[in-house]
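Written out below as structure tokens is the structure these notes cover.
Going by the order they are written in, the chains are A, B and C; count residues from 1 in each one.
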């Protein structure tokens, strides 16, 4: 339980940072706008997962620590703005770790609620990507998963690996580790070699 | 129960096809993007209805057959892409049958949960149109129900007929038949004669 | 209970009017489009609050009076269209009172459900602003809270005052009065003197 909780708080904080950066790049927002977008980005995916699963109370409604993780992320973004802006490689790493963690935790939560594994993998992916999708819809952007599609499909691949390892009784922390690693490696390779999925209509 | 289930699966499959076609027309998407949009179009309306009604578990979360109906629809879209693209009349028929079925099933489900009939009719309409609305929001289109308004109002008319027939004790399959027929006829006439509703401000 | 109910119905009606006006200004909509947008604007914020809190049944699903309040608002908008259009000052007052009432009622409802006060204030704000946000997303506008940011932050300030007064045992109607007054005064001053919050990145 402990490691799960720390991963979830950390992922929430990373998401808030990434939301705040996107909000401020789009147009020069005030404090409130940036905080709101950071907040929505951080809680959106998990909320949609829990609402679809009917799993109440929502994590952040029940435990105010998630809110503080978000505020902490926003504050750090402000304090180290130009530092963070310049480090695009580090930002990529944090963003990737964030979606990887959320995918695996979301998949696990759905499995705990007894849904079909295929549904659980979809729930994991939605946890990871829907925060960014809502962020993009609110700021009138084309949603992220139609711009860089390996994004969400990397999550699906990681969720699938998690379910396979879990099925074969692999110890949970190892399941976490290898699935998060797979998502990260796929995203790294996709960006490095500019990989894309095949077009629907050839 | 049986006929209801088959109608719902069939409607879900039709919606996935229509979502996939729209997604791919908008811009040449990859497999993942098209599948995601097909999925959202197919499950969006019913999910919003169930979330608003607090009716858990959501249909597609509980029964993985809906997911397979979606994947089947996407696969068919790919295999018969140019065939389906050319048959705009047949596509119109499938689309109309899809929204008609979803409207009636949504209205019936809401009634079974004991809400006021006016609310039930709205829930039926939302089941039918919100999948397309979410699809349009995600792809940055003006939502379908502000472009062709007879669309959603046809659903409301069909839902109302269903409620009236049901109130007077008409046998259920006959209720289904006549309400679905009404929605289809209204849409057909609206498109054929280019009918529109009166403007709000004359 | 009584005053709470009347405030909520009145606020719902005000929101429907404001939604209908925005929908019709954007492009000349038909009756259905205007009614739909008025409806979504009026029930959106409260629905999101209740869905996030898992508080079922949703207010308007349970009590059809809210629907009639919306239809009444739309009808009034039509009957007195040019009158309402011209009175921008009065519209501002109604709009401000609407968001102020929704903020306080939403905050109170969340507190009654036992959440942390910080979460309750956020729920109050979301009740007030999300209807307008959904309206703007559906009509492809930049959401209201990124255009006039003192809007949502005024709600947060009012919710905070409500929680402080309530904490110190102030009588409920007085809590209502002073919090609604604060939100109104902040919005008035912000518009009058064109105040904005500080930018995130100076």
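Criterion: a residue touches a chain if its C-beta (ideal position, glycine included) is under 8 Å from a C-beta of that chain, and two chains touch if they have at least 3 such contacts.
Values in this document were obtained by computation on a predicted structure and should not be read as measured data.
**Student:** Make each chain a node and each touching pair an edge, then name the shape: line, ring, star, complete, other.
**Tutor:** It is complete, because no pair of chains fails to touch.
**Student:** Does the chain B and chain C pair touch with the same residues on each side or with different residues, judged by whether over half of the numbers are shared?
**Tutor:** Because under half of the interface numbers appear in both copies, chain C and chain B meet with different residues.
**Student:** Roughly how many whole angstrom separate the Cα centroids of chain B and chain C?
**Tutor:** 30
**Student:** Got the chain B residues that touch at least 2 other chains?
**Tutor:** 51, 137, 140
**Student:** Per the contact definition, I'd like the list of chain A residues that touch chain C in the complex.
**Tutor:** Per the stated touch rule, the residues are 20, 23-24, 27-34, 36, 47, 51, 56-58, 60-62, 64, 67, 78, 81, 137-140.
**Student:** Could you list, by residue number, the parts of chain A that touch chain B in their complex?
**Tutor:** 51-54, 115-116, 118-119, 122, 133, 137, 140, 142-143, 145-146, 149, 152-153, 196-201
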